[in-house]
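Shown below is the structure under consideration.
Letters A, B and C mark the chains as written, and numbering starts fresh at 1 in each.
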Amino acid sequence: MGQARGFLSRVLTLVAKDIRIEWRTRDSVVTMVVFGLIVLLTFGFAFDMAVVNVGAIAPGVLWAAIAFSSTLGLSRSFSMEKDRGAIEGLLLLPVDRSTIFLAKVAANLMYMGVAEVVLVPALVVLFNLSAAHLGSLLLVVLLGSVGFAGVGTLFSAIAIHSRAREVLLPVLLLPVTTPVVLACVKVTNSIFAGFSLDEVAHWLVLLVAFDVIFLALSALLFDYVIED
Amino acid sequence: MFNQNRWLYVLTGMTAVCMLVSIVLVFLVAPDAVNLATETERLVQRIFYFHVPGWWVGFLAFFVAAVAGLGYLVAGDDGWDMVELASVEIGLTFTTIGLITGSLWAKPTWNTWWTWEPRLTTAAVGWLLYVAYLTVRSGIDNRRRRQRLAAVFCIVAFVSVPVNFLAIRWWRTIHPAVIGVSSTGAVGGFTAGPTMLWIFLVCLLAFTMLYVVLLIVRVRGERLSRRMENLRHQLMR
Amino acid sequence: MIEVHDVHKSFGYRSVLRGVSLVVGPGETVALIGANGAGKSTLLHILSTLIQPDYGEVRIAGFDLARKPQEIRRRIGLIAHKTLLYDDLSVGQNLRFYGRMYGVPKPEVINRSLMERLGLWERRDELVRSLSRGFQQRAAIARALVHDPPILLLDEPDTGLDAHTIEILRALVLNDGARRRAVLMATHNVHRAAKWGRRVAVLADGRVTVGDSTDVCGSGDQERLFETGDVHGAG
């Protein structure tokens, strides 16, 4: 029990540290929000809103915005540490590397959450949707974000060593998270159309399975990525 | 060393023979598909004998690469890394061929170059993953780190393929799918008679042997090239 | 408390450490000297668990590096070229973070006393990025000592430090009374090495030879020393 409490306290300390730094600079979050809005608007221009059935494309547009903007935010996960040598400070600590990983994922999830709090209402407004079923929407956005954040944090730790740091992460992340995008779009579609979640239960199961498998896999493999 | 070479020659010889036999069988012996209408369709159907084994090798190569990646992370031996790299390269080649031959088959049969059919789409995503792997390798200068990070990506990428296939398959059905219901490939499909089946198996064998031979040759080449790099650096000091 | 036995390390084609053996006991300070690029940083990084050796045995505070790295991490402090601090946090916040992560009991008390000894207390709310290099290094020293490690590894701490700060560091490290720390300090300044410890280890050609500091540092022929590692040569 004491071990679990120690683990939790360490994760919280790490997350608090990240949030405190992000709060001061606000780099990641602002970029994600702005870019997400740009994607929404661009799709709005790309599809002639008067003609097209907005209800049909809105879920796709939302998840395109989330996918693209989150790759921007995720690619910065470790840049604050690598550039200042703080990563060695972390490695010197007597903590499991997976603890460091989970704390990063948690912090990234929070940044994504902030961006989504802006993007979802923006979508509802821009595409003139009904704002019902908020709870289900919250659930699918959470599950989808975990999918992105888990693998995204791992890949971000990989990408940071590459010369093509910023462009590499989307190339790695988007193909792997295809199931997440598919599932989330289907579920969101169903939510906007007013169906109950039972209709798309199998998609939710797939989403949960993806999250669990890839979070666990990433946590295990993180050791190999972060150590020298 | 000499012994190894002898086995490789034998294997290559057998592969060549097998391939030749396959080609002969496919074009001369295999019966026409019964339910296809036009002459073009019947001819093009024979691509199936090469296309599916090509796709199979693409998947096998990915699997071998992921296992090699795991081996590298556990053992740290360069050999695993070489097998991983070689397998990805060969797999990418076969997947490219698979996508192109698939397209060539699709046009006369479905009258479209591309369809969002599950296997095809999964192959396309798989192709992207292969290329992403090579992008990871090309961007990292530090040798050990490059090998380690590439291995990690290879493993994650491979695990994503079955999940991906499942998701895409569900995506493409009209009704919420129960696992096992397939609704694709209905148009232009054909039932494989017993002759077709064993010819297909021969082709499958030929392609698998081809993969193994290419893998061995590529790994050998990589091993030599790395040894040369090593020597060059030692001489320069 | 630091036991290194026949450690080898190569980077790609370059073999840096070729059988390094060294022992530093509790309460001992050993200066590690050698030419630039000789491998001092590499050795220290291995000892601080940041790099794995290719071959050889390392025991720190009795723990085997290969088997119990976490236990070792708890007991070592590293002062390196980079400060390992977060530029966007204040000194106090940095120390509080590291204190909590090391599981230091009552971190507030310890941090305050550390900061006061290093002249940082008045600057505790300033962001690290706005401090001068000298004060950044002092903060780095505080970070390394926050968990009171019995083993200190110093990687050329004198580069970029003014003389005053070096004296403060030396006082903290050497004269810390009851605390019998094992200290290994890498420097390429041979004369400074003499002031730090009785024994001097010379890293040359991938190997270490140990000698008495007065003998080694008084010899004057630094170049030959760094090339051959001959601590007993004519001086």
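To be clear about the criterion, a contact is a pair of C-beta atoms (placed from the backbone, for glycine too) under 8 Å apart; a residue touches a chain by one contact, two chains touch by 3 or more.
Please read all numbers here as calculations on a predicted model, not as lab measurements.
J.: Whose Cα centre is nearest the centre of all Cα atoms in view?
T.: Chain nearest the centroid of all protein C-alpha atoms: A.
J.: Can you identify which chains form the pair with the largest number of contacting C-beta pairs?
T.: Looking at every pair of chains, the most contacts join A-B.
J.: Counting only C-alpha atoms to place each centre, which chain is farthest from subunit C?
T.: B
J.: Roughly how far is subunit B from subunit C, centre to centre by C-alpha average, rounded to an integer in Å?
T.: One centre to the other, that is 52 Å.
J.: Could you work out how far the Cα centre of subunit A sits from that of subunit B, in whole Å?
T.: Centre-to-centre distance between subunit A and subunit B: 32 Å.
J.: Any idea how many Å lie between the Cα centroids of subunit A and subunit C?
T.: Chain centroid spacing, subunit A to subunit C, equals 40 Å.
J.: Where in subunit A do residues touch two or more other chains at once?
T.: Residues 228 of subunit A each touch two or more of the other chains.
J.: Among all residues of subunit B, which ones touch two or more of the remaining chains?
T.: none
J.: List the residues on subunit C that touch subunit A in their complex, please.
T.: Going by the criterion above, the answer is residues 48-51, 70-71, 73-74, 76, 78, 80, 82-89, 93, 97-98, 100-103, 143.
J.: In the complex, go through subunit A and note every residue touching subunit B.
T.: These residues of subunit A touch subunit B: 151, 154-155, 158, 161-164, 168, 171-172, 175-176, 178-179, 182-183, 186, 199-200, 202-203, 206, 209-210, 213-214, 217-218, 221, 224-225, 228.
J.: Name, in rising order, each residue of subunit A that touches subunit C in their complex.
T.: Within the complex, subunit A touches subunit C at residues 6, 9-10, 13-14, 17, 20-21, 24-25, 80, 84-86, 88-89, 91-96, 228.
J.: Residues of subunit B touching subunit A in their complex?
T.: Touch residues, subunit B against subunit A: 73, 125, 128-129, 131-132, 135-136, 139-142, 145, 148-149, 151-153, 155-157, 159-160, 163-164, 166-168, 170-171, 176-177.
J.: Can you list the subunit B residues touching subunit C in their complex?
T.: Against subunit C, subunit B makes touches at 143-144, 230, 233-234, 237.
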